[in-house]
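A, B, C and D are the chain letters, set down in written order, and residue numbers restart from 1 in every chain.
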Amino acid sequence: MAAHTGEYPRTVTTVRLLVTCRDRPGIVAAVSGFFFARAANIVDAEQHSTGDRFFLRVEATLAAGDQPERVRDDFVRVAGELEMDWRLARPDPDKRVAILVSRYDHCLLDLLWRFEQGELEGRPSLVVSNHPDLADRVQTFGVPFKQIPVTPETKREAERELLQALEGADLVVLARYMQILSGSFLDALGVPAINIHHSFLPAFAGASPYQQALERGVKVIGATSHYVTAELDDGPIVEQDVAHVTHRESVDDLLRIGRDIERVVLARAVKWHLEDRVLVDGRRTVVFR
Amino acid sequence: MAAHTGEYPRTVTTVRLLVTCRDRPGIVAAVSGFFFARAANIVDAEQHSTGDRFFLRVEATLAAGDQPERVRDDFVRVAGELEMDWRLARPDPDKRVAILVSRYDHCLLDLLWRFEQGELEGRPSLVVSNHPDLADRVQTFGVPFKQIPVTPETKREAERELLQALEGADLVVLARYMQILSGSFLDALGVPAINIHHSFLPAFAGASPYQQALERGVKVIGATSHYVTAELDDGPIVEQDVAHVTHRESVDDLLRIGRDIERVVLARAVKWHLEDRVLVDGRRTVVFR
Amino acid sequence: MAAHTGEYPRTVTTVRLLVTCRDRPGIVAAVSGFFFARAANIVDAEQHSTGDRFFLRVEATLAAGDQPERVRDDFVRVAGELEMDWRLARPDPDKRVAILVSRYDHCLLDLLWRFEQGELEGRPSLVVSNHPDLADRVQTFGVPFKQIPVTPETKREAERELLQALEGADLVVLARYMQILSGSFLDALGVPAINIHHSFLPAFAGASPYQQALERGVKVIGATSHYVTAELDDGPIVEQDVAHVTHRESVDDLLRIGRDIERVVLARAVKWHLEDRVLVDGRRTVVFR
Amino acid sequence: MAAHTGEYPRTVTTVRLLVTCRDRPGIVAAVSGFFFARAANIVDAEQHSTGDRFFLRVEATLAAGDQPERVRDDFVRVAGELEMDWRLARPDPDKRVAILVSRYDHCLLDLLWRFEQGELEGRPSLVVSNHPDLADRVQTFGVPFKQIPVTPETKREAERELLQALEGADLVVLARYMQILSGSFLDALGVPAINIHHSFLPAFAGASPYQQALERGVKVIGATSHYVTAELDDGPIVEQDVAHVTHRESVDDLLRIGRDIERVVLARAVKWHLEDRVLVDGRRTVVFR
């Protein structure tokens, strides 16, 4: 996405306003008038209406001396008049992203590498795995690694330990974490979790989707990144992509081809989430990219 | 696919041998030796093994004076020794393709146009619809049109009439035919039927897949062409393709985007079937293209 | 794209405002304030900044009793203050689209069919070809057909006749028209012309791109729709798409596969242009879709 | 690609026969008869004819006690009769792959990771860069790293040093190596080199293709892997892929999106080359996959 480059000073403060409300006339005018009145400049704005609900994302740079906190305080009045659900976010290089993983490393390494490249906003604050295998590789990225084993017997205790470890995270990414998180865990977590599922949902939910795909004889396979909800593989979808396959591919081939799709699909979802581009609309998402 | 162009006379006779059998050494040698011994030239050959089952498609041009019938008679011995399921097919411009349709015309017109272009082997012998709407347009292609209305009460009678109309067809294509064909109809039909379903199966089988897709909030939609079996939307898949969509698309948009996918996915499946490139392997297909 | 459906009366008047200007603070606020002040409702808005130049498309429904002409008159003041290039357009089912074609019918038929389906705004007012072949097929769509032959000797005269025939058209579409239009013709035409070129430009400009592609051994082929300028195959690109190919494809195969890409790439460009979604930015386009 | 799994012992010896010759009857029969006569089993076979030239790849497992060397010796007679260019290759986990790189690490790390996963046949024997930056990261993969700086003044000397370092390599991969290799270097190298170019060639050859792409306003960007020849960015193409882009993407965005394409396009080309699936046909390639 193009950013303003020319005329603004480097110390510019950027804010992102995200709004959901009942659709009705005057929303855009009210919001843009609000920013104009305080000499802020709208550098990006996208809106979406379902006819019933209205979604808005505005990225604005503040006038010299203005503060995000004051914007937040002042916007309360506008939001109240138009009965908005809203939040004011900021680009934040210190956003803390915790990554859960089991033994497959492709999504994990790809995310760590993208953070290193500066592709993703924020930083990987912690990697947790139920296996010890990936500890060394994670440490080459300078990111803390913690093993929390899970067995059917210790699941409750493991979730308690996990919850403690994730304290302070702004986002949790399940980068092929092969454990199902309980509803009570998710409630206690309190921040969003994004999962990568290795099929084009709703096809092939649950275990062994590539095996399922082979047995059904599909000609495309895919991957889906979605917000985690208590119902397995059923949360709002953020991104999906697919690859064409033929009868020639074995399950191992599907796993290999799938890895390439999974890592980019997960990376896109994480990127958009961190840039505050995703609004949840019931079972669906609005992605302003 | 490239064809030999240089050195063969125009009156060359081409045959296509399709073989399925238990995998074991010597199959390729036996088949290619068979053709070599009668001075035929193998112009294309593809094979596939699942480890257990072996699939082979050989396209060969016969020596001057040789006849497909004699090839067929002579191959019986080879096939017997290696316990093959097999058939010998020929490119045939008179292959009769019957098309069933309801009111949506995009797949129908696309198929008629492709036959006219010479993209598809054979010829459209008949279009049958349960509605009268498309009669005029079909007639501009010089193809017979027959209306056979279907109501819940007359379904049995309508299927009988349909069966009669399809007598002599080599292939039946369901180009968005919105009636479910009974198992007994399919048994009596005796030739393959290819359907286009407007989702990436197994997701969104049954009615209104685009509405289902919108409600689930998927980021790709697709279409699937498959052989028709008694179980709805469950037959062996021949081809699938997808398009990316966003939250912006309404159901009408999905219908529009879907039309573009449906017509090419169906056309590919029909093309490959008519060129004897598709072998059924249980619930799956082997497509030699 | 989702449209408002619920609460607006059917006789609603929609306008589309398209703005290009130097980027600076306050543009969005000024425009949205303008619409808000006259009780119009912004139903879609997209903006783009290159840092230097700013592009805006606003779709708004007017208050009961308001008129596009009055909006236009009143906007002059806003536009003057912010030094905007701008125009106010309206959805118009009577927009006149003239289609030029030679012998290949795939893009032509696809466009005529899409107009019939209601996919494209406006109507096909005339088809002109330098060959007589497609006259009958065009007439089945109820669209006038005119043959204007072109030879090297008669080119100047033919362009004069063509110019007369195109009088009153709002858009000219070159749907595989195999004649190069002169710069003076384009100047005299006075309305945009959209061409489909059968390669992913800038690769393989000029004649026989599929032959060129085969000789270069590329693994993707493509098509490009672009505004026509005096320099051949060099105008601003509106849309491109590609398909994967292998060594197996002959030139005939490339032509066949290419037809499927060409027709959708051209259709998208025509659709977006007719919906006033395309802004030209020098050699590039901004497409708000 | 599916492999035989069931009935063959683990110590099976696999050979790959690659043949190019003038097309004429009997080639397939001669080759398959050759393997059948020595009780070898053909597990995969693909052929291609341009009408003039014939290309064949056969993968076969040898009978117990048979040796690739004896196959090679015995095939000389068959090859002589049919005037074949041919070679007999073997899957070889010790194939030595040298990787050249400058500062961008995405293709390099991706290749090292794929070797580690077992996706690519052979092993990375050495990484050479003209910069020191990537030394540490390469060492975490246990692969030797060597820096050979290049300046305009030292280019000849640097190429001499590089040649020495690459001694014994079976394949050289240019994974975003930003130096042009001289024709005499390539001659002396004596093994194939595969390069990744960050555009869909032949568009945007040479320097800064993403900048060129942005200026031309294309709607797709791509990457091309090709064999290196003395003429820059002009060697036979092995694989290409693309991604869709819009006016919103800055050059930095194109670089980021391009990285994802480059690494998979290069990885596919390297994989196919190492599995002896690529035959060069003048300026083109035949890729049997």
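The rule is simple: a residue touches a chain if its C-beta (ideal position, glycine included) is under 8 Å from a C-beta of that chain, and two chains touch if they have at least 3 such contacts.
Since we're looking at a predicted model, the values are computed, not measured.
Ranking every chain by how far its Cα centroid lies from the centroid of subunit C, the top place goes to D.
Here A-B and B-C were compared by C-beta pairs in contact; the pair with more is A-B. Between the Cα centres of subunit B and subunit C there is a gap of 36 Å. Averaged C-alpha coordinates put the centre of subunit A at 42 Å from the centre of subunit B. Residue positions of subunit B touching 2 or more other chains: 2-3, 48, 248. Of all residues in subunit A, those touching subunit D in their complex are 1-3, 106, 109, 113, 117, 119, 137, 140, 247-250, 253, 256, 260, 264. The touching residues of subunit C, when paired with subunit A in their complex, are 2-7, 23-30, 32-33, 35-36, 39-52. Residues of subunit A touching subunit B in their complex: 48, 200-204, 215-220, 222, 236-242, 244, 246-248, 281, 283-287.
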